[in-house]
Amino acid sequence: MVQEKGMAVAERIYSIMENGDGRAGVAFQISITVLIILNILFVIIETEPSIHTLYGAHMEAFATVSLIIFAGEYILRLSLYRHKMGSRRFALIRFAVSPMMIVDLIVILPLLLPFFGVDTRLIRILRLLRLFSVFKLARMSDAMSEFAIVLRSRASDFALAFCIFFIVLILASSFMYYIERDAQPDVFYSIPASMWWGIVTLTTIGYGDTVPVTPIGKAIGAGVAILGIAVYAVPTGIIATSFNEYRRNKKGDRCPHCGKNIGFR
Amino acid sequence: MVQEKGMAVAERIYSIMENGDGRAGVAFQISITVLIILNILFVIIETEPSIHTLYGAHMEAFATVSLIIFAGEYILRLSLYRHKMGSRRFALIRFAVSPMMIVDLIVILPLLLPFFGVDTRLIRILRLLRLFSVFKLARMSDAMSEFAIVLRSRASDFALAFCIFFIVLILASSFMYYIERDAQPDVFYSIPASMWWGIVTLTTIGYGDTVPVTPIGKAIGAGVAILGIAVYAVPTGIIATSFNEYRRNKKGDRCPHCGKNIGFR
Amino acid sequence: MVQEKGMAVAERIYSIMENGDGRAGVAFQISITVLIILNILFVIIETEPSIHTLYGAHMEAFATVSLIIFAGEYILRLSLYRHKMGSRRFALIRFAVSPMMIVDLIVILPLLLPFFGVDTRLIRILRLLRLFSVFKLARMSDAMSEFAIVLRSRASDFALAFCIFFIVLILASSFMYYIERDAQPDVFYSIPASMWWGIVTLTTIGYGDTVPVTPIGKAIGAGVAILGIAVYAVPTGIIATSFNEYRRNKKGDRCPHCGKNIGFR
Amino acid sequence: MVQEKGMAVAERIYSIMENGDGRAGVAFQISITVLIILNILFVIIETEPSIHTLYGAHMEAFATVSLIIFAGEYILRLSLYRHKMGSRRFALIRFAVSPMMIVDLIVILPLLLPFFGVDTRLIRILRLLRLFSVFKLARMSDAMSEFAIVLRSRASDFALAFCIFFIVLILASSFMYYIERDAQPDVFYSIPASMWWGIVTLTTIGYGDTVPVTPIGKAIGAGVAILGIAVYAVPTGIIATSFNEYRRNKKGDRCPHCGKNIGFR
């Protein structure tokens, strides 16, 4: 009977944490969300030297406390693996390697590493891992997954658009390298270096740090620039069509008055 | 009966000012529009030193006269609050805090402040407030509100697109900061500084004032540049779909079986 | 009878020139098109110093001959005004001020001006007018007018999008001027100067010649950059919808099998 | 009978190479794909000086072996021309000049040229031809051709959009040349030089290497920048519409009255 009561408590904790049921669930979700946003904010502003000097120690303490809370949350979630995975074999391991649990683990990693004696330089970079806590928010968002469905339904179209982009990039960058390397040997010194120019041009960013100077180079650059328009037009066209289709299908294809199917509109 | 006549006059003034009825209404709306456009034009060109030297005093006088007219308009509108709000409680206060009335108040603020003895430097900046008179034009535009309806119907989609943009921005800028800060300590000196690079890159502006120079930095920058395409493609796709839906809805979509209007699909 | 014959000849010349009827018509249109393209090409490449030295005199001669041909074409077209305008009053004047005839006149203007003793510096610039001959091609293109119809059907939407763009531009540039002028007095020295930054940023060109350097300036600049996305998304969405509607309407809204109206799809 | 057996073998080889039938076919296609990708990768990274010093000789050897394999593939394909072209006249020549076979020939060209005694500098550039092997992949892709159909169905729209782009480019660049050449004689020294600015601006790349400095130049530049928005909006709108139509057509559109397929609308 004690075990039964334990099960009931576990059930309740699970419904609070996973589904955000009841007042406790809402309070829990809001608290975690606020904690995540504060952590991300502090990772960003503590790099500002003037702020680091003044509040560095406080922020450090806040980070440690947060990670301990996240670690507690991780252990609690892990211990409730049966509610998610049922009694399948390797249920615990399967649950531990699910994307959301791995994100949770990555975030609390900096807490574990000092025990293994990692050098301080690495730890400094490991602080960045706290930024991954932003993905923890995905657990609470339905809209995100809906969005992902729309984009995934056209995955093959995007893959093709990406392949075409890559082929254009490689050809453009290689030609530019052979044409410009004599005029600017310290800018276009290799094809990978030339690909930096290619990406900056095809995406229309145009920093201006690598620019063709020879007449032939400029002529090819002009052609690449015009092709760059397609780089934007094609994915935009695909996305616009996907959204169009998705919303139509969602609204249903039946007349609300007579109930008959009115076809794909 | 005098009061009744007063009411009739107030009614007439209200219909002229709010709805632009009759010749007087059209004349009033055109006058106010011209006054607003001239004010904005003068705020802009009086900052040009050569023009300021020649016509500065005239423009100053024109600005003061305009603000007095706007102040008169504001008081008149305020006094006619009953026609807009009816006889609800706190009708005057409710009317005074409506967006359009606040805009009207902000515009005439520079007229009031000398009485409170504000220092001249602040007044110089307060001149900018005259630019807000551009929002006064919104009162006369139907198209604007129609436009706003289309965009608002997809507010949650835009919010999601904005969140994704922000997450990408934070992660990209943070990684770039850790990678580039040793090579360019005076450019990527903090994550907020690095976020300037992130925004300039993701929006494909690419000023070129902050650019990665290390090979790893360029590789990450290339990835961010390609992600930047989505920053344009997703909102464009959403807007294109919204316009499509809105215009269909307006034209009316009918069921081909029973002929009834099947509304906004 | 002689007059009748003259009329028949005029009729024939008109059908050749305006409608491109028969072999003569096709030959005439191709000749004029080639002449226009060659003229534009020569205006462009004769500015290249090395080419000007070698072929400058030949190109000059070609330009003069072309202009004389264009002048002959202009006079011929003008003399056939009755076929276009009928016998309405002021038919000749009405015809002379039609857009296409004005373009024709502008192109041949450099031929007339020496008679009035214009100074040589102006003539140099007048050469540019030959570039306007590109608009003469519009006479031969049906697709262009179809395209114009699609865009014009949404003229009010575009006007609104343009107004919003302008309001954002003015507000952003004015704020940037007040914030950056102390830090960069020779770049942001007036609001019109600051508007150059505004346009270069909102259109995502980002030359990098005018860039905010203060933290507040960068924060506002970041906001403007994100707003700049809408500058692209809104017109693109409008155009995509217009094309969609236009093509649907063109294809007809009737079932090809049973002939019934299948509504606006 | 020997000939018959030979025919059967040829048939089998053909079905392996062209259609990728059976295990052998899949293995053949995967091998060729891997070989192509490795070749492209090596062309790119062998230009990196540090890698060239270490692995240059190995990569050279790999390139020669690859080209010999590609040459063998080319000869084999060529010898099986009857299976593709039937017994029409000039079947071999017709097959040899088909786009895919020309691509195959271009790729192996560097192998043939030493026999004709081409100087080493040209051979260095001929290495680039190996990059064309990327087009060999097109043989294996169905999606690519589907994509091409969608875009080709709107070829005339794209041609028109391109013409308008070109007309705007020529007019903008020519005016900018006449306005800026006195202020910046070494940047805007000719119209072709000015067209570099025009393309970089209209495509919103904005390197910042050529920028107007005079007030009139900036005013015209601002106008061109705003026109540049259309450069993106129009093709994007066209593509979005094409995809929309294509996908509807694929799913099949049926008349709601008689239920028959009403085809591509």
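For clarity, chains are labelled A, B, C and D in written order, and residue numbers in each chain start from 1.
Simple rule for what comes next: a residue touches a chain if its C-beta (ideal position, glycine included) is under 8 Å from a C-beta of that chain, and two chains touch if they have at least 3 such contacts.
Predicted model, so just to flag it, every value in this text is computed and none were measured.
J.: Validating interface symmetry: for the copies chain B and chain C, is the fraction of residue numbers used by both over half? Same or different.
T.: different
J.: Let me check something: if the centre of a chain is the mean of its CA atoms, which chain is farthest from chain B?
T.: That would be chain D.
J.: Centre to centre, by mean C-alpha position, how many angstrom separate chain B and chain D?
T.: 44
J.: Report, in whole Å, the distance between the mean C-alpha point of chain A and the mean C-alpha point of chain B.
T.: 31
J.: Chain C: which residues touch two or more other chains?
T.: 192, 195, 204-208, 232, 236-238, 240-241, 244, 262, 265
J.: Note which residues of chain A are touching chain B in the complex, please.
T.: Those in contact with chain B are residues 40, 43-45, 47-49, 125, 128, 131, 134, 143-144, 147, 165, 192, 195-196, 199-200, 203-209, 231-232, 235-236, 238-244, 247-248, 251, 255-258, 260, 262, 265.
J.: Which stretch or stretches of chain A touch chain D in the complex?
T.: Contact set of chain A toward chain D: 156, 160, 164, 167, 170-171, 174-175, 177-178, 189-192, 195, 201, 204-208, 211, 215, 218, 221-222, 225-226, 228-230, 232-234, 236-238, 240-241, 244-245, 262-264.
J.: In the complex formed with chain A, which residues of chain C make contact?
T.: Those residues of chain C that touch chain A are 204-208, 236-237, 240, 265.
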